[in-house]
Amino acid sequence: MTLVAIPNETNPTDKRTAMSPANIAKLVQSGADVLVEEGLGVGSGFSNDQYRQAGAMVTKNHEEIFSGSDVVLRIHKPTTEEAELLKRGSIHISHLDPFNEQELIETLNNRQASTISMEMIPRTTRAQKMDALSSQASLAGYVMVLQAANRLNRILPMMMTPSGTIKPAKVFVIGAGVAGLQSIATARRLGARITAFDTRAIVAEQVESLGATFLNIDLGETGQTEDGYARELTAEQLNTQQQAQSDEIAKSDIVITTAQVFGRKPPRLVTLETVKRMQPGSIIVDMAAASGGNVEGSIAGEEVEIDGVIIIGSGNWSGQVCRDASNMYSNNLTNLFTEYWNEDRKLFEIDLQDDILSACVITHGGEIINETIRKHYS
Amino acid sequence: MTLVAIPNETNPTDKRTAMSPANIAKLVQSGADVLVEEGLGVGSGFSNDQYRQAGAMVTKNHEEIFSGSDVVLRIHKPTTEEAELLKRGSIHISHLDPFNEQELIETLNNRQASTISMEMIPRTTRAQKMDALSSQASLAGYVMVLQAANRLNRILPMMMTPSGTIKPAKVFVIGAGVAGLQSIATARRLGARITAFDTRAIVAEQVESLGATFLNIDLGETGQTEDGYARELTAEQLNTQQQAQSDEIAKSDIVITTAQVFGRKPPRLVTLETVKRMQPGSIIVDMAAASGGNVEGSIAGEEVEIDGVIIIGSGNWSGQVCRDASNMYSNNLTNLFTEYWNEDRKLFEIDLQDDILSACVITHGGEIINETIRKHYS
Amino acid sequence: MPTVILINLSYTVAAVLFILGLKFLGNPDTARRGNALSSLGMLLAVVVTLLDHAIIDYRWILLGIVAGTLIGAFAARLIAMTAMPEMVALFNGFGGIASLLVGCIALSQSQLDRFVLLTIFMSIMIGGVTFSGSLLAWGKLSEKITGRPLVFNGQRFVNGGLFLANIACGVMFVQHPEQTLWLVLTVLLSTSLGVMTLLPIGGADMPVIISLLNSYSGLAACAAGFAISNNILIVAGSLVGASGIILTNIMCKAMNRSLANVLFSGFGAASGASNKIEGDVKAISTEDAFYILEAAQSVVVIPGYGMAVAQAQHAVKELQGLLEKNGCEVLYAIHPVAGRMPGHMNVLLAEADVPYDLLLEMDDINPRMETFDVAIVIGANDVVNTAAREIESSPIYGMPIINADYARTVFVLKRSMASGFAGLDNPLFYKDNTRMIFGDAKETVNKLIRELSS
Amino acid sequence: MPTVILINLSYTVAAVLFILGLKFLGNPDTARRGNALSSLGMLLAVVVTLLDHAIIDYRWILLGIVAGTLIGAFAARLIAMTAMPEMVALFNGFGGIASLLVGCIALSQSQLDRFVLLTIFMSIMIGGVTFSGSLLAWGKLSEKITGRPLVFNGQRFVNGGLFLANIACGVMFVQHPEQTLWLVLTVLLSTSLGVMTLLPIGGADMPVIISLLNSYSGLAACAAGFAISNNILIVAGSLVGASGIILTNIMCKAMNRSLANVLFSGFGAASGASNKIEGDVKAISTEDAFYILEAAQSVVVIPGYGMAVAQAQHAVKELQGLLEKNGCEVLYAIHPVAGRMPGHMNVLLAEADVPYDLLLEMDDINPRMETFDVAIVIGANDVVNTAAREIESSPIYGMPIINADYARTVFVLKRSMASGFAGLDNPLFYKDNTRMIFGDAKETVNKLIRELSS
Amino acid sequence: MDMVYLTFILILSVFLGFELIQKVPATLHTPLMSGANAISGITLVGALVGAGGEGSPLTIFLGTAAVTFATINVVGGYLVTDRMLAMFKKKGTKK
Amino acid sequence: MDMVYLTFILILSVFLGFELIQKVPATLHTPLMSGANAISGITLVGALVGAGGEGSPLTIFLGTAAVTFATINVVGGYLVTDRMLAMFKKKGTKK
C-alpha cells in the first residue's frame, strides 16, 4: 500500500498544479492511494470535487501530506521545513535545483528520502515523456513571444493595406533549444521575420526547418555534451558572440534570449551597450532572468525599461498558460510514476540500473548517489 | 499660403499620433506650411527633431495651434474649449463622433469651421486609402486576439507532444467586419479553431476564405445598407441570435465581439447568463465596450472578472500598437489631404460635389451640410 | 474495285477503329466510347470478310456465329458483376482455342513454305497455352479449383522441359508438316504448358496472369494472321499483344511486384517473417511508388523531423489532396516526439493547412494500422523504429512507436540510410513490406505529385 | 535470302530506329541519343539501298553524295548558332526539291497506273511548295528579304486560285502523263504557291511555318515512296508528316495562336488598340495557357479576393515553384485594397509560405509591368480594373490600379464575367492581350500545375 | 514480298500498341484488359474462311468450331467490357 | 495488293507519328523540328535508284541532283540538330 500525496505549491505567483484530476484517476486505477491538499489546482481551474471524483482523498493539513505519505509529487522544491517533515524513506519527486541547493539536498538525504529531480531527467528519446523541462520550456517559448508581441508598439505580420505597407517585425532568438524553437515557431505563425543563433551548430538545420534564418558566427570549437546540452563558452568566445550579435539586435523589434548551460549560470549575452542601440519601443524577453539573466539589466520577475527598450524578465513563463502547463507537467509526473510503478507489489521501484533513474535520482538510501551532483558538491 | 497644424492629443491613455514625420515631409513638399506641437509623437517613438527635419515648425503653445492655423489635423474630437479657439473659416479634420456630439458640432459650426469627420469617410473602393475606421479596426482585430491569448490560461495552437496532446483553443468571433476578419486571421495564425457569426450573410464567404467556420443562424430578413454597414436587428431577431450563440459561446475559450451598427449604439449580444455558462479562465473581448458594449457586464477601459471569466473592455485597441496605428492613421490623413489639396493655389479645396467629401464633411460655410447628420439631429 | 482491295481498305478502317478504341479505353472519360469504336471495327472486319470469294457456303458460318453470339451475349449479361474477371479469362481461353483452330485450318492451304509453317506452329502453340492457361485461371478465380499456388520441387525444371519439348516439336513440325504426329504433340504439349505454368501462381495474382494471357492471345491471332496472310489479324493481334504486355507491367507495378516475381514466386505459398535486422533494403523509384499509391484505398502519413528539414509540408498537403481526389482516405499519424520540439509537426502541418481532424495521435492510429494500404513515412526515423518493439537490448526498447510496419506497404522517404536523433539502426527499413524512396523528402513528394496528377 | 527481302528487312530496322529516334527527341535527357539513332537508321537505309540490283552505276551517286555531304557538313559546322533556324529552313527546302525530282524520275517507270501518277503528282506538288516556301522562309529569317508580312487586297483569292489551278493541273497530268506541259505547269504553280502562301506571314512566325513545311516535306517523301513503292520512304515520310503537324500545333499553342491565325492573319501588319469596353472576351483552356506559361521568362501574379474564396494560395505557391524551376521569374503584385480586409493577401500568402521579398507593392511593380511575359490575375477584379484609368465617368476613375494590362499576356482566373466588390464592368477583360480562364481559381491553378509538372 | 510488308505492319503495330497504353488509372485496368481481349477475338475473321470455304469436312468442322469460339470471345468480350464501363459511368455521375 | 499494304503502313505510321510527339518542352521544339527534317531527307533513298539506274541521261542528271540535295538535307540536318542538342547538354551540366 502506497500513499501518494500532492501538496499545494507554496509559491503564490505560480498557479500551476502538479497533478490534474485526470492523472489522479490514473494513479488510483494503477492501485495507489492518493491524497491531495485542499485547493490544489484552483489556480488552473480544477476543483476539489474533481479531485474527489477522480478518487483522491482531500485534506486541509499541509503537514500531513509530507509526514504521512510514501510518495510526494509536486512542482517546486520543498522548503527546508517541509523537507524535515518528510517520512523517513519516502520518495519525493519535484524540481530540486540540486546544483544550487546543496543544503536542501543534504536535509532530504538526512531524512533518508529518495529524491528525484525533474531537472535531471535525461534528454533521451525514451525519457521525453517524463521530461518536464521540455514540456514547460516549450510553453515558455510560446508565452514569451505572446508577451513580447503584446508589449510591442507594432504588429508582427506584414500588411499591405490602403493605409500603407507595414513591414514585418524582426525577431531575434538567442538559444534555439526547446524554448527557442517554440518561440521561433510562434513568432513565425504571427508573421514575423526571424533570425536565431545558438552555439550548437547542429541546431542551424532545426532553425531553418522552422522557416527562420540562422545567424552564422564563427566561435571556433563549441559543440554539445552527450546529453545534447551546450558547453560553456570561454570568455573570449562569449565576447565574439556579443559583438557579432550586436548589429542584429539593434535591427530587431523583439529579442528573445533562452540560452542556458546545464548546471551553470546562464551566459550574459546582451550587454547594456547593445540594449541601448535598439529602437525605443523594442522588446527584449530574458527567459533566464530568474537564474541570473542573459541580458544585462534584466530583473527577475519584473519589466524594466532602459532607454525606451522594455526588458521582460517575468520568469515562470509556462505559469501564464497554467492550465496547459499543469496538464503537461502532470502528464510528465504520471508517465514517470507509472513507468516505475510495480502494479503487483503496488510499489514505486527505484532501480538504479535504469538509465533514466540513474540520471535523475539524487538521493537514495541515505546517500547522494547521483554522480554529477556528487562531483559538483565536492 | 496655408498653415496646417497638428496639436497633441489630450487623451493621456492614447499614445497615437495623428501625423508621422514622414507624412509631414509630404505635406511640406506639396507646399503647405506645417506647425506641430512639441512632444507630438513621443508616445509612438517620433522625436521633435524628426519633425523639424521633416520641415515642420514646432511650438509649445497648444492654443496657437487652433487659433493660428488654417487646417487642423488630429485623431480625436476637440474639446469645446479647443473648438472655440478655432480660427474662423478654418478646416478641422479628425474623428468627431457627430451622431453623439451635436453640441460640439454646433460649436464648430458657429466658428464657421469646415469640419471633416473621419468616421464618415464612405466605405467605397476609392475612399479606402483615407478610411481610418478600417485601418484602426484592422489593427484592433489583431490586438484583441493578442490580448485575449495573453490572458488565457491555455495556448491557442494544437500541440501533440510527449507530455500529452493539447487541443487547439476555440475562438468565437461575433461580427465579421474589418476588425472581426482580422481577429479571425490572427487567431488562425496562432492555430486556434475559429467560428464566426455576422448578421450580414454575405460575409460568410469572407469568413470561410480565412479558414474559419461560419455559424448559421436563421434571423430572417437582415441585409446591409448601401454603404455595406449592417442594419439594426429587431428585438426579436436579437433574441434569437443570443439564444443560438449561447452554446457556441459556452464551448469557446475566447469570444471576441466586434458588432457595430453605424450611427447606433452597438447591439447587446452576450448576456450575463451566457457569460456564466463559459469555463472559468475563458476570455471575452468586447471591442465595443467603450461605446456601450456587446457584452453584458463589460466595463469600458477595464478588465472585469465574472465567475472566473475575464471580460476585456480596454478600448483604444489600436493604441496598443501605437507606432503602426499612428503610421496608418497619418497615411489616411495625408491621403485625404493630398487628394483635395490644390498644389497650384496651395489650398485645401472642399468640393461638395465630390462623393467622398459630400459624405464626410459635416459643417461648411456655417451650415451643417451633411444630410445624414442633419436628419439625425432633427 | 476488286473485292480484295475493298476488303483490305475496310480492314484499314477497322485497324484505325481498333487503334482509337484502345487509346480511348485508357481514359475514364472516353473508355466506353473506345469500346464501342473497337466493336464497330470488329463488325466491319467481319462483315467485309464475308465478301471474300473464297467463302462459298455461309451455313456453317451462320451456325457458328449465331451459337457464339448467343452464348457470349448470355454469359456477358447474366454473369454477376463480381465474377467478371473469371468471365474474361474464359472468353480469352476461347479466343486462344480459336487461334489454335485457325492455325490447323491454315495447314490445308496450298503453298506452305517454312515461314508459313512456322507461323502456323506459333499460332497453334500460343493458342494452346492461352487456351489451357485461361481455363485454369478461370477455374482458380471462380474457385472451381483451389486458388492456392501449387508448388513442388523441380517445378521449374519440369516447366522448362515442357517448353523445350514444345519448341523441338515445332522444329519437327516445320520440317515434316505431313506427319500429323507433330501437330497433335504440339497441341498436347502447349496445352499442358499452359496448365503447368499457372499451377504455382496464386488466385490473387490471376488478374495479372489474365492480362498476360490476353496479350498472348493477341500474339496467337497475329501468328494466325501471318499464316493466312491477313493484315487485320496482324494489326489487331499485335496491338493487343503489345498493349497487353504494357498493361501487365502496369498491373505488376501496382502490386509492387515484378512480372518474374508473379510468374515464379509462388507468392503466398511460403512466408515466415524474421525479426532480426537482416534482409535487404529495397529501394523503389517514385514512378513505381506511384502505381502503388494510385491503387491505394487508404494511406497514413507519418511525418518526422525530415519533413521539417525538407520543408515538405506543403507538398505533403498537396499529395493528400490528390490522393483524396483519387478516392483514397488519408490520415496523419503524429508521434509525440516527432521533430525537434514539442508540437513541431503541428506547427508545420498547420502552416500547410492540414485540417486538425486528420491528425491522429499514436494511440488512435496504431490499432487500425493494419487497415492501411500504404504508410508513408516522411523523414521520420526514431518514431517508427521497430527496435523499440523487437530488440530488447535497444536503448529505446519499450518506447511506444507508430507501428508503420503493420501497414500493407511502407514507403520510407529519406535521403540515406543514416540514423535519426537517437543514433540507432532501424529494422523497419529492412522489412519485407518496406520500400525506401531515397532523396530529399520534398523532392520525392513533388515527384509523386507529378506522377499522380498527370 | 533475296536481296529485296534483305533490303526490306533492313528498312524495317531503319524504321524502328526512326521511331525510337523521334520518341527520344521529345525528351531532353535522351534527345541527343534519339538524333544519333535516327541518323543510324538513315545510314542503314541508304547503305542497303545501294545493294539494289537496279543500280548499275555508282559514279553519279558517289558524286551526289560526296557533294551533298561536304556542303551539308560545312554548312552545319560553320553556321552561327543564332542562324540555325534559317539553316533548317534551307535544308528543308533541299529535301523538298529532292522529293520533287524523285517524283519526276518516277515518271520513267514502266507501269504507270492512275494511282502511281497521282502519287507522283503529289510528290512533285508538295515537294515544290516545300521547296519554294522553305527558301522564302530562309530568306525572311536571314533577313535577305524583309521579314515584314506582305499583305495585299484579294490575297486570299489569288492564293486560292493558285491552289485550284494546281489541282486542275494535277488532274490533267494524271489523265495525260505524256504531255510534259502539265508536268512543267505543276512545278511552276506549286513553287509559286509556296511563295505566295508565305508572303503574308511575318518573320516572327517563321519557326512555326518551317515546322509545317517540314511536315510537308515528310509528306512529299511519303508520296514519293508510293510512287516508287518504297516502304521506308512511306514510313519515315509519314512519321515526319504526322509528328510535324503535332509539333506545329504545339508551337502555335505556345504562341497563343491557332495555325489558321498564323497562316492567314498577317500578324503584326495592322494593329490599333481601342480604349472602349468593346471587343471580344477571349476564353482559353488551361492546356493552351500552359504552353504560354511554359515559354514565359517572367510572370507576375496579381491576387485578389477570389484567391481567398477559392483558398488557392497553396496552389499558387506550388505554381510559383514550378515556374521558377522552369527558369521563370515569379513576383506577386499586391494591391493595397485587394481582398476584404487590410492585409488579406498577406495573411493568405504568408500561410502558403510565399517569401516576403516576392511581394511587391503596386508602386514598385507598375513601372516594370511591361517587362512581364504574363500577368496572372487570380480572382482579382477591382484592383486591376482599367476603368480607373480609362473611363472618366467611372466611380473609381483616378484610383491607382495594378496595370496588369501592360504585361504581354494577361490571364484572368475567375468563375464568370461577374463584377467585383465595386460592382463595375472591367475593360481589362476585353483587351486584346487578355485571356480569361473561367472556373474556380484553385481548380484552374491546379490544372496548370498538372500541365506544368508532367 | 508479302512477308516483308506484313513484317512492317507487325512492327508498326507493336510500337503503336506500346505507345497507346501509357498511364492508365487503376480502375480501368480490368476494363482495358477485357476490351483488348475482345479485340483479340479478331481471329474470327481468319476462322470465317475456314468455316465457309471449300475445304474438307474436317476443315469446315474445325472452322465452325473456331467461328463459334471466336464469336463468344468477341461478343461476350465487348458486352462484358461495356457493362463494366457502364458501372463506372454511374458511379461517376452520381456525385 | 501492294498498294493495300502500303496504305496500311501509311496509316499505322501516321498514328505512330501522332502518338510519339506528345508534350515537348519548349526548348526542344527547334531541335525536334530539325531532327524530323533530317529524317524527311529519306527521299535520298528514292533518289539513289534514279541516279544510279539505267535511265536516260536526264533521269540520271535529275537523280544526281536529287541525291545531292537530299544528302545536304540529311547530313546537314543531323549535324545541326546534334550541335543544338550538344549546346543544351552543356547548359544543363554546368549547373
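First chain written, first letter: the chains are A, B, C, D, E and F, and each begins at residue 1.
Keep this in mind: a contact is a pair of C-beta atoms (placed from the backbone, for glycine too) under 8 Å apart; a residue touches a chain by one contact, two chains touch by 3 or more.
From a predicted model like this one, the values you see are computed outputs, not experimental measurements.
Novice: Could you work out how many touching-chain steps separate subunit C from subunit E at minimum?
Specialist: 1
Novice: I need the common contact partners of subunit C and subunit F, sorted by label.
Specialist: Common neighbours, subunit C/subunit F: D, E.
Novice: More C-beta pairs touching across which pair, D-E or B-D?
Specialist: Here the pair linked by more C-beta pairs in contact is B-D.
Novice: Between subunit E and subunit F, two touching copies, which fits better, same or different residues at the interface, with half of the numbers shared as the threshold?
Specialist: Mostly same residues: over half of the interface numbers shared.
Novice: Please compute the C-alpha centroid of subunit B, do the same for subunit E, then give the distance between them in whole Å.
Specialist: So the centroids are 76 Å from each other.
Novice: Give, as an integer number of Å, the spacing between the C-alpha centres of subunit F and subunit D.
Specialist: Taking the average C-alpha coordinate of subunit D and of subunit F, the gap between them is 19 Å.
Novice: Which residues does subunit A have that touch at least 2 chains other than itself?
Specialist: 128-129, 134-135, 138, 157, 159, 161-164, 166, 189, 191, 211
Novice: At least two other chains touched by the same residue of subunit D: list those residues.
Specialist: Correct list: 19, 231, 235, 311, 336-337, 342-343, 347, 350-351, 353, 454.
Novice: Residues of subunit F that contact two or more other chains, please.
Specialist: 1-3, 5-6, 8-9, 12-13, 15-16, 20
Novice: How do the chains pair up in terms of touching? List each pair.
Specialist: Once each pair is checked, the touching ones are A-B, A-C, A-D, B-C, B-D, C-D, C-E, C-F, D-E, D-F, E-F.
Novice: Taking the complex as given, what residues does subunit A use to touch subunit B?
Specialist: Residue list for subunit A touching subunit B: 15, 44-45, 128-129, 131-132, 134-135, 138-139, 142, 146-147, 149-150, 152-155, 157, 159, 161-164, 166, 186, 189-191, 279-281, 308, 320-324, 327-329, 331-332, 335.
Novice: Help me check something: in the complex, which residues belonging to subunit C touch subunit B?
Specialist: 334-337, 342-343, 345-347, 350, 353, 356, 359, 361
Novice: Which positions of subunit D touch subunit B when the two form their complex?
Specialist: Residues of subunit D touching subunit B: 305, 308-309, 311, 336-337, 340-344, 347, 350-351, 382, 395-396, 398-399, 421-422.
Novice: So in the complex, the part of subunit D that touches subunit E is made up of which residues?
Specialist: Listed in rising order, the residues of subunit D that touch subunit E are 4-5, 8-9, 11-12, 15-16, 19, 231, 235.
Novice: In the complex of these two chains, what residues of subunit B are touching subunit D?
Specialist: Of all residues in subunit B, those touching subunit D are 124-126, 128-129, 134-135, 138, 141, 178, 181-182, 185, 189, 203, 205-206, 208-211, 355.
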